[in-house]
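Both complexes shown next keep chain A, but they swap its partner, so chain B is in the first and chain C is in the second.
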Partner chain A sequence: MAHFEKANNLNEWLDQRIGLNTLKRVLNTEYWIPKDINFLWVMGMVLAATFGILVISGIFLLMYYKPDTNLAFDSVNYTIMSEVGYGWLWRHIHGVGASIVFLIIYIHMFTGIYYSSYKKGRELIWLSGMGLFVAFSAEAFSGYMLPWGQMSYWAGMVITNLFSGGSLEAYALVEWIRGDYVPGDAYLTRFFMLHVFLIPLVIIGLIVLHFGTLRLPHVNNQEGADIDYEEAAALYKAGKKKESKVIPFSPVFLSKDIFVMGVYFILFFYLVFYHFDFAMDPVNFDPANGLKTPAHIYPEWYFLWSYEILRPFSKDVGLIAFAISQVALFALPFIDRSPNVAPAHKRGLFQIWFWALLVIMITLTALGKLPPTDPLFAAMGLVFAVLFLLMGPALFIITMFEKKLEKGA
Partner chain B sequence: MQEEQKERRDFIGMALGATALVGIGGGLGFAAKRTWDPLPSVKAAGFTTVDLSVAKPNELIVEKWRGKPIFILKKTAEMEANDRDVVIGSDRFHISIGLCTHLGCIPAYKKDDHEFFCACHGGRFNASGINEPGLPPPSPLEIPPFKIAGTELILGEAGPEYKKMLDAGLTV
Partner chain C sequence: MRELKIFAVVAFFSLLTYYLVEPYAHHEMHKKVDANGNEIIIKSHGFTYDGTDDIAEAERKGDAALVTKKKAFWSDVATVSKMTGNAAAGEAVFANCMACHNGANINMGGVIPPNLDHAGAIYDKNYLIALIKDPAMASNVDHKYADTSTHPMGSIKFTVSDNQQIADVVAYMQEHKAGEVTPKEAFTEACVRCHAVRYTKTTQIGETPKFKYKKDELAHEIKVIEEQDKVKAYMGNLPPDLSMMIRARGAHYLETFIENPQGQLPGTSMPRVGLNAEGYEKVKAYLSEAGDPSKKAREELGPWVIGFFIFFTILAFFWKKSMWRDLH
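Here is the complex of A and B:
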C-alpha cells in the first residue's frame, strides 16, 4: 500500500490520491506555450468554449424536444419557442453556435495551414483535427434533421442518397441507413440518438486526443522556430521571464485566451440576440413534406463549398470528386513535401498556393448558394471544382522544389 | 521460465481477443445491423391502387406509394410514344417514381415544355421520363412495380407489363 499522511488541506489530500500537483504541472503550469504567437492561436480554446456552450444549450433543448415525426416540428417551433421559459434563448444560442463554430473551425484550420503547423511531428494534431471537422460535420447534419422542417427532410433525403454510390445503386444500404424507404420516424429517432449521444461522445474523445497530440510537439509559433523547450522552461522557472521564449499555458496564456474569448462572446451574443435569423433558414419553418421539394435546396453555408464540387459533374464523377474533396485535406501533411516549418509568406510559391486555396473555397461557397439554372455560374462551378481538385497535385509539385530555409532569424 | 510465462500470457491474451472479436463482430454486430433495418411494419407498407380513368391529358397526378411520390401523366396524342409507356386501351400513360435519379429531389412538371425539371441540380427529363444527357441525372426516372387491372393500376405488385419493361432494361 502506498504511503499516506494526514493531509493539511484539500489540495494535499487530492494530491496524495490522484497526483493532482503532477496533473497541474503537466497540463497547466509547465505546459509551455511560445511567446511568439498572435490572436489566431486562441481559436482552439474559443472552439472548446463554443462546444461547451452548444452542450449546455443542447441540454435545455433536450428536455422539451420530441424525436417523433408527428411531434418534432411543433415541439421546436411551438413548445420550445413560445411556451418554455427562455426556450427561444437556448434555441438561438444552439443555432447561432452551430453556425459560428464552423467559422472558427475554418479560421483555426487555415491558421494551421498558413503557419505549416501540420508538419514534422505535428501530423497527428492535423489528423485528429480533421477527425473533429468530420465529427462536427456529422453533428451539424444530424442536428439539422431534428426540427423536421422542409430543409431537414430534403437535406436528409439528398445526403442519405449519396450512400447509394451513384451507379452502384446501393439502395438497400440507403434504406438501411434510413430504416425506411424515405426519411421517416425511425430515421428521425436514430439521428436524434446520433446527435445527442454517439457523435458528441466521439467529439469529446477526439478533443482529448487533439489536446494530447499537442502536448509533446508543442504548439507552433509565428516563425516556425524550433524552440529548446527545456532551456526556455528553465529560464522561466529561474525567474528570467523576459529572456525566456515561453510562457506557461495556465495561468499566463489562458488569461489572454479568456480576454479574446470575452471579445468573441460579445459578438456571439450580439448575433444570438439581434441577428439569430442568419442561422435559421426560412424554408425550414415549413413542416417536412415528402411530396413537395422546396424550389431551391442548398445546405448551410459551411457545407456549400463541398456541395458545389458535387453539383457541376455527372452523378458518378460528382460523387467521386465529392468523396475526394471530403478526405483530401486529411492528406495535407503527406502531400506537402517541403522541409520547412514556416509561415506561408516565407515559403515562396506556397504562399500563392495558400491564398489560391482560400479564394477557391470562398468562390465555391458563393457559387453553391446560387440556383443551378444559370449557365454562367454552372460553368464557373465546374472550373472552380476542377481547380480545387488540382490544388493537391499542385501542392505536391511546388513543395517538392521548395528550398530549405536557413533558420536563424 | 519468465519467457515461457510471457508467451503463455500472450497466447491467453490473443485467444481472449479473438473470441471477443468473433463474439462482438458476429453477435452484437449482427444484432446492431438488424436493429437498424426497416421494421416489418414499414416493409409491409402495402399496395396503392390508382384509378387511371380520371386522368386528364398533360396533367400530372402525384400519388404516394411507400412514402415516395409517383408521377402519373396521361400523354396527349401529339406526345411521342415510348416503350416505357403504360398502355390501357388507346390511352398512353407515363408512370414513374417522382424522385430525381441524381439525388432524390422531386422534379416539377413543366406543362408547356412537356418536361420534368429538377430544381436541386438542374436535371431535366422528357415526358417519357428520359433524362436529358449532359446533366447530373444519370438515368431515366424509375418505374415502380405495377400491375394493370382494368383501368386501375396497382403499385407494389409486379405485373407482366412491368416485368417486360424490367427485362428490356427500361427501368431498374
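Here is the complex of A and C:
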C-alpha cells in the first residue's frame, strides 16, 4: 500500500490515487511530436473527432430507430426526420460524417504512404491503421443496411452474395450470414447489433492500439529525419525551443490541431446543411422492395475502387482479384524493400509509383459507378484493375533497387 | 507557402473524385440514347404543352402514321387555343363534366374522376383543350388504348366534340374554377386518385379521418384496399406512395417526369397530368412538406452553426500563432 497524505486540492487527491500528474506528463506535456510537420499530421485527430461525432449522433438516432423491416424505413424517414426535435440534424450529421470520415481516412493513408511512415519500426502503426480501415468499412456497410431503403436491401443482397465464393457455391454460408434466404428481419437485426455494438467496440479497441503503436517509434516528420527524442526534449525543456526539433503534444501541437479542426468543421457543417445529397443516395429514399431491382446497384463512393476490381473479370477471377485487393495494402511495409524513410519526392521512382497509385484508385473509383454496359468503361475497368494488381510487384522491384539516401539529405 | 500547396493538391483530388462519382457518373447512368446512339436531352418546357415531346417520341419510334396523327392533333389544339371562349356558354357544357367529376369519390372505369374545383388554376390551358379533345392523346398514353373511347374519360368524345364548345368550357374553368389554391388542394386534385402519401395519412380515397372505434377504422381500411385494387387493375401496378418522393428523385427528374412521364420512363402507364407552372409549384410544396419538412429549419440553423465555427477557427488561429511564435 502506497503512502497517502492529506490532499490540499482535488488535483493532489487524484494524483495520489491515479497518478494524474504523471498521466498529464506522459500523454500531454511531455509527449513529443516533431516540429517539422504540416496540416496532414492533424488528420488523425480529425478522424478521432469525426468518430466522436458519429458516436454522439448515433446515440441520438439509436433512441428512435426501430430495427424491424416493417418499421425501420419510417422510423428513420418519418419519426426521426419530422417528429423528433432536431432529428433531421442528427441524421444529416451521421450520414455526412459516415461519408466524410472515409475521405479523411484516405487522406490519412496516402499521407502515410507519401512520407514512408509505415517503415522501420512503424509497421504496427500501419497494420493497426489498416485494421481500423477494415473495421470502419464493416461499420459503414452495416450502417447502410439500417434505413432499409432500396439500396440498403440490394447492396446487402449483392455483398452477402460474395460469400458464396463464386464456383464454390457456398450458399449455405450466405444463408448463415443472412439468417434467411434473402435479406429480411433476421438480417436487419443482426446488422443492427453489429453496427451499434460489436463493431464500435472493435473500433475503440483498435484506436487505443493504433495510438499505442505510435508511442515508441514516434510520429514521422516531413523529411523522415531520425530524431534523438531525448536530446531534443531536453533542449525544449531547457527553453531552447528554436533549436529543439520537437514540440509537446499539449498545448503546442494541440493548438495546430484545433485550428485545422476548426477549418474542417466549417466544411463539415457546410455539407451537413447545404450539400448532404452526396452522402445520402436518393435511391435509398425508396423503401426496400425485394421484387423490384434498381436499374443501377452501386456501393457508396469509398467502396467503389474495390468494387471495380471485382467487376471486370469473370466470376472466380474477379473474386480472387477482389480478395487480393482487400488485403494488398496490409502488406505495404513488407513489399517496400527500400532502406529509406523519406518523402516520396526524395525517393526517385517511388514518387512515380505513389502518384500512379493515387490516379489508379481514383480512376477505379469513378469506373465503379459508371455503367459497365458502355464498352469503353468496361475496357478501362479491366485495364485499371490489372494495373492496380501490378502495383504490388512493381513496388517490390523499384524499392529493391532504391539507393540509400545520405543521412541528413 | 508549403501548407497551402499541399492543401491545393488534397482539394484538387477530392473535388475530382467528387465530380467523377457524383455529377458525371449520375449523368452517364441516367443517359438516354436513341437508336442511332445520340443522347436524348430531356428538358422541361416550363409546364406548357404543345406536343413537342410527343411528336419527337413518335419520330424516334419510326412510326410515320403516328407522327402524322400526333402533329394533326396538337395543331388542332393550337387552333382551339386561339379561339375566344365564352365562359357563360361554357357553364352549360361544364354540366356534362359534372356527371362524373362530382366529388362523390366513386371509382369510374379504373380511377376516381378528379375534383375540378381548381382545374383552371392548376392545369395548363392547352392541356385542358387537348384532354377534352382526346384524353389518351393529351396525357400521352394513347399506346395503352386501341381506341380512345375505351379510356375512362373516352365518352367525352361523344358529349363535347365541337371546337367552340371546348373553347367555351375551358374559358369557364379558367374563370370560375380557379382562384387561390393551397398545396394540399392542388395535390389532392392532381395526384391523389392514384397515389397515397402515408406521411400525411392520405390514401387513394383521400385523407384518413380519425376513428373512435376500431371497427370503423378497419371498415375504412377495407374501402382503401378495394379502391387500391381497382387502381392496380387499371394501372397494371399500384402507383408508388409519394411520401419520400421529393428526396428519392432529384429536382430535374421530378419536373420533367411530371411534365411528361413517358420521357423519363418510356412505356409507363402514368398519364401526363398537365399541371401548369403554378400547379407544379404547389404540388412540389406539398411533397416537400411531406418528405422534407425540415428544409426551413435547416436553412435557418445553417448560418449560425457555420458562423460559430468560423468564429471558433479565427480564435484557434490566433491561439496557434501565439503557441508557435517562438518555435522558429
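A few remarks follow.
Here, the second predicted complex is superposed on the first by the 408 of 409 C-alpha atoms of A that agree within 3 Å, B and C clash if a C-alpha of one lies under 4 Å from a C-alpha of the other, contacts with A are read in each partner's own complex, and residues count from 1 in each chain.
What we mean here is this: contacts are C-beta pairs under 8 Å (C-beta built on N, C-alpha and C of every residue); 3 or more make two chains touch, one makes a residue touch a chain.
Keep in mind it's a predicted model, so treat the numbers as computed, not measured.
Look at chain A after the overlay: chain B and chain C fit there side by side. Contact with both chain B and chain C is seen for A:H296 once the two complexes are overlaid on the shared chain.
By the touch criterion stated above, A:N9 is placed in contact with neither chain B nor chain C.
Of the two partner chains, chain C is the only one that A:L103 touches; chain B does not reach it. Once chain A of one complex is fitted onto chain A of the other, the partner contacts of A:P371 extend to both chain B and chain C.
Of the two partners chain B and chain C, more residues of chain A are touched by C. Contact with chain B, but none with chain C, is seen for A:V158 once the two complexes are overlaid on the shared chain.
Of the two partner chains, chain B is the only one that A:F313 touches; chain C does not reach it. Across the superposed structures, the minimum distance from chain B to chain C, using CA atoms, reads 11 Å. Where the contact sets of chain A with chain B and with chain C meet, they give residues 295-296, 371.
The touching residues of chain B, when paired with chain A in their complex, are 33, 36-39, 42, 45, 62, 64, 66-69, 101-106, 108, 119-122, 134-138, 172. By the touch criterion stated above, chain A contacts chain B in their complex at residues 154, 157-158, 161-162, 166-167, 169, 175-182, 184, 186, 190, 290-297, 311, 313-316, 318, 371-373, 378.
Looking at the complex, you find that chain C touches chain A at residues 2-3, 6-7, 10, 13-14, 16-18, 20-22, 24-25, 28-29, 198-199, 240, 243-245, 247-250, 291-294, 297-299, 301-302, 305-306, 309-310, 312-313, 316-317, 319-320, 322-324, 326-328.
Of all residues in chain A, only 35, 38-40, 74, 77-78, 81-82, 88-89, 92, 103, 107, 241-242, 247, 251-252, 255-256, 258-259, 261-263, 265-266, 269-270, 272-274, 278, 280, 282-283, 285-287, 295-296, 301, 304, 358, 362, 365-366, 368-371, 374, 377 touch chain C in the complex they form.
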